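Worksheet for the structure shown next.
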Amino acid sequence: MKKINPVKTDPGKVRLLETFDNSFPDRKYLIIHRVNEFTSVCPKTGQPDFGVLTISYIAKKKCIELKSLKYYLQAFRNEGIFYENVTNRILDDLVKVLNPVWMEVKGEYSVRGGLNSTIVAAYGKK
Amino acid sequence: MKKINPVKTDPGKVRLLETFDNSFPDRKYLIIHRVNEFTSVCPKTGQPDFGVLTISYIAKKKCIELKSLKYYLQAFRNEGIFYENVTNRILDDLVKVLNPVWMEVKGEYSVRGGLNSTIVAAYGKK
Amino acid sequence: MKKINPVKTDPGKVRLLETFDNSFPDRKYLIIHRVNEFTSVCPKTGQPDFGVLTISYIAKKKCIELKSLKYYLQAFRNEGIFYENVTNRILDDLVKVLNPVWMEVKGEYSVRGGLNSTIVAAYGKK
Amino acid sequence: MKKINPVKTDPGKVRLLETFDNSFPDRKYLIIHRVNEFTSVCPKTGQPDFGVLTISYIAKKKCIELKSLKYYLQAFRNEGIFYENVTNRILDDLVKVLNPVWMEVKGEYSVRGGLNSTIVAAYGKK
Amino acid sequence: MKKINPVKTDPGKVRLLETFDNSFPDRKYLIIHRVNEFTSVCPKTGQPDFGVLTISYIAKKKCIELKSLKYYLQAFRNEGIFYENVTNRILDDLVKVLNPVWMEVKGEYSVRGGLNSTIVAAYGKK
Amino acid sequence: MKKINPVKTDPGKVRLLETFDNSFPDRKYLIIHRVNEFTSVCPKTGQPDFGVLTISYIAKKKCIELKSLKYYLQAFRNEGIFYENVTNRILDDLVKVLNPVWMEVKGEYSVRGGLNSTIVAAYGKK
Amino acid sequence: MKKINPVKTDPGKVRLLETFDNSFPDRKYLIIHRVNEFTSVCPKTGQPDFGVLTISYIAKKKCIELKSLKYYLQAFRNEGIFYENVTNRILDDLVKVLNPVWMEVKGEYSVRGGLNSTIVAAYGKK
Amino acid sequence: MKKINPVKTDPGKVRLLETFDNSFPDRKYLIIHRVNEFTSVCPKTGQPDFGVLTISYIAKKKCIELKSLKYYLQAFRNEGIFYENVTNRILDDLVKVLNPVWMEVKGEYSVRGGLNSTIVAAYGKK
Amino acid sequence: MKKINPVKTDPGKVRLLETFDNSFPDRKYLIIHRVNEFTSVCPKTGQPDFGVLTISYIAKKKCIELKSLKYYLQAFRNEGIFYENVTNRILDDLVKVLNPVWMEVKGEYSVRGGLNSTIVAAYGKK
Amino acid sequence: MKKINPVKTDPGKVRLLETFDNSFPDRKYLIIHRVNEFTSVCPKTGQPDFGVLTISYIAKKKCIELKSLKYYLQAFRNEGIFYENVTNRILDDLVKVLNPVWMEVKGEYSVRGGLNSTIVAAYGKK
């Protein structure tokens, strides 16, 4: 079976993320970014996976800059990684650079064999 | 009336299920698998039933492997079993192999005589 | 104005309902039946009413048999009865034969003069 | 199996239909009436059938009066008649009282055993 | 600017409302009426307003009769009144004649200048 | 039965319509205006009717001015007139002031007794 | 890889089909049956396939009986056959028993690897 | 890269807002205004941003007048401001003129690079 | 009434458009670009207008470059121009730089006073 | 600006395509494959593009094998190519291996800067 060659996981992907200062740090308001075009590679079959990511958080001192978020997520394009792991990895990386009050990452992955999957992971208290 | 000959219930179906280790066991995150193409046979009429299954859980040490889940569910294709029983049976089998923190199985069965049914069964605390 | 002649309410309709034993009485799981093709007659105008019924319950010892439920509901086809009363009557009859932990009957009736109605009645604790 | 007792087909149903004069007989304009709540009885099983009827026509000298159309269609409520036949019967009756330039009757009948049917019959040239 | 001449508010509109006895006063069930075709006049511009009203309540001793509700609401057709006030006025009038356990009136008004409004007012405890 | 008192048809309504010069008279392009909030009164029952009008045309020397079209259509608010007639009347009035290459008026009227109607009338060749 | 054992194609499946006489043979009207729950087996992988079939025809002397059509289609449940072939086979079998003026069979098969297929085959002239 | 020249933020925009007295100050009812056509300019790229704003509040003594709200929001059309900041700025300005019991501003901004954002900020207790 | 100050129409806007060579000039294939975020200003009221533009064409020697198309369309943001004129102006400008086999511009403008408009203009033969 | 490094176009991609014999060559039937997860790279910006491809054809002697089609399309994942060119290239490659009676390839590409594109190319006569 033909496979897309997934590269090894690059733990340094987090350095692509940039932030800007939260102008309203005293108000606990909600920020939600939805990414319709997330794609990575299945580590077992080498086949591409597709999904929709929803990243929700309450900022403390920093907000995520959107272009850098886009480039960070594109860096998974040729990486072999399971649904459960990619969702948790993105949560860990974003928590490291933002140190938010609360954050949730939801990944809704597309249909494979009549079966589609959703993974939801969270950090902190809402 | 013509009938599909349903086979007797095979209690050993559970052995088709495979698992892999949960890489983030310290985080209580949610995993949802939706199966659009579930089909079994009505034990009373011998007619095929169709439905959508939604399996949601919070893993403890193990996650369900998706291909094995697909084969496990296909094994009901020619089995005669009631809506209420198949939903609870799948919950029991998955709880046995995963020992999850929490799990819910929802079966939404298709229209028969202007009437369609949904069964929701759960295990553990969310 | 031409009227469909509604018959008087037949209180014995409840005897059409059949039950089967709940195989998982120790688990409090949810059973939902949706009936898209419910019809009765308006007692005031003699005109036909149309609606969608959703019957949800948590079984104790018994589950409702689906064909008998269909025949029971068809028995309202030529009966003159108000929305509020038919919804509560069906709840009373089902509670009598099932003695469930919890049950809810919702009737969504179709548009009349730019106005449509929904009635929701429940029994027991969810 | 419990059955709703269908009455025999009443060929005199056509006399329920009333008309009014077309005020714009020189313009060939299109009139479409959609009936969401048509119901009759299956002559084979005695079970109720449900459907949506769409009646389209170009009037010559007469238009159909809507209340009379409603009562005419309600008269099929307890009559046992096949999909193919009821669609053609309604077309025949309406053509008789309206003598239209063109008319089409479409019946879209609801799901039975995972299968739903549409019948389309027409008269004259569009 | 051309205006529809709105009539002054008629406080006696409440007498159009009729009720019938609640047959199940011991059960706290929910009644919801949705009105798709509500229209009144803007008191500032004299232009017509359109909206969808949803009236939900738990009856005590009385239920609202639907035809009288329709006529009551039609009486606002040529009356000049603000969104916030018409929603609260209808709630006050219905509470006066029904004395319900709980009632909510929601008005969803249509788009004006790229902007649409929803008003929700309630009485009693749910 | 309570009725909204419809005024007699005012044949002079056409003078409310204003036009502006078509800047591209040599190109046969299509102009479509959809009116979501049309309302008039049923001449038989005195009850309000609601509908969506779609006015499509290819201009010759003149285009219809939108505010004047809105006021013209609002003038039907309290007028008693049948669906078939109001659709044809609007077509006649617009053809008179615009003298278009082609015009079509479609009226889609809301549900009455489970039945809704669409009327389509046209002028000239497309 | 686990496979459902497909049986060999049974060419005698056509004898399951029953017909009834067309009551309106002089009118060329359209009959459409949509089957939401068609399932067969992929001959290459042994995996189940799912699809929606739409069967449209203009009858000559005979119409297809719906229960027999349902049983005929269920007979493909465990048969290994390609999308292109099953669609054409059903067309051939129905043409043989009905000898229609015109017939079209459309199969819309579900998603496999982000890819879904539709096959449309026809007989005669519409 | 071509840019629309954004003007500097005008802190005096709040003076465009007008209010009217709340006629039902003793009832805590909910007012929701949805603005489908909000547009501003990205301060980083000079490119236009588009979004849907939903403003919900429980009034104390004053309600926002809708035309003034429309003009206030149009004043952001050529202003360079981040999503997070515009949402919070509108909340601050409205709270200043209304002094409401509770208020929430939600901004849903359109897709940029396969990614869309929602910001939700609130004041007071619901 | 507060107005956004529309600038005079700049006839030189066409110079913002860039093209690239069509690599398949011998095949008459269809190219469609849909622009969800078009906005200009009403020349009569000074209020902003919003719309969706669909530009379809069959290229001869040149294709439109997408970024330049985006900047060209953004140049209408503060310009006062009628729906009918902006649609035809864009068609004229694109025809000038592309000299296509065929082109159509469709503008669907948003709701104003319960009324929304669509303008469709074309060049050449399809 | 960060870029995914697109590989040069590989003209030998066509050798990934496999075919099987058409079992019904005498019938001109329609085959449609829809691919929801097509992705390539923009040759100008190095950013990923996403789209939905619809491939429709009437076979002569050969049909396309679905797994090989999937691998062929995945081979564009890291290739830099314009929308217009990728659509025409796929058409050329498929025509080469299938020699069909007729074929159409439609590519619907996702939103970029509020603008999305559709390209439709065809071969032969339908």
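Going in written order, the chains are labelled A, B, C, D, E, F, G, H, I and J, and every chain counts its residues from 1.
By definition in this document, contacts are C-beta pairs under 8 Å (C-beta built on N, C-alpha and C of every residue); 3 or more make two chains touch, one makes a residue touch a chain.
Given the structure is predicted, the values throughout are model-derived calculations rather than measurements.
Cα superposition of chain E onto chain G: how big is the rotation, rounded to the nearest 5°?
My answer is 180 degrees for the C-alpha fit.
Could you tell me which chain lies farthest from chain E when each chain's centre is the average position of its Cα atoms?
If we average the C-alpha coordinates per chain, J ends up farthest from chain E.
Using mean C-alpha positions as chain centres, tell me how far chain A is from chain G in Å, no decimals.
From the centre of chain A to the centre of chain G is 44 Å.
Any idea how many Å lie between the Cα centroids of chain A and chain B?
29
Measuring centre to centre with CA averages, how many angstrom lie between chain A and chain E?
The computed centroid separation for chain A versus chain E comes out at 47 Å.
Spell out, as numbers or ranges, the residues of chain J touching 2 or more other chains.
As it turns out, chain J has residues touching two or more other chains at 36-37, 47, 50, 110-114.
Spell out all pairs of chains that touch, sorted by label.
According to the stated criterion, the contacting chain pairs are A-B, A-G, A-H, A-J, B-C, B-D, B-G, C-D, C-E, C-F, D-F, D-G, E-F, E-H, E-I, F-I, G-J, H-I, H-J, I-J.
So in the complex, which bits of chain E are touching chain F?
Answer in residue numbers: 2, 4, 16, 36-37, 39, 47-48, 50, 71, 74, 77-78, 110.
Would you mind writing out the residues of chain C in touch with chain F in their complex?
For chain C paired with chain F, touching residues are 47, 50, 110-114.
Could you list, by residue number, the parts of chain J that touch chain G in their complex?
It comes out as residues 20, 22-24, 27, 29-37, 63, 66-67, 69-70.
Touching residues of chain I toward chain F in the complex: what are they?
These residues of chain I touch chain F: 82, 84-85, 87-88, 111-123.
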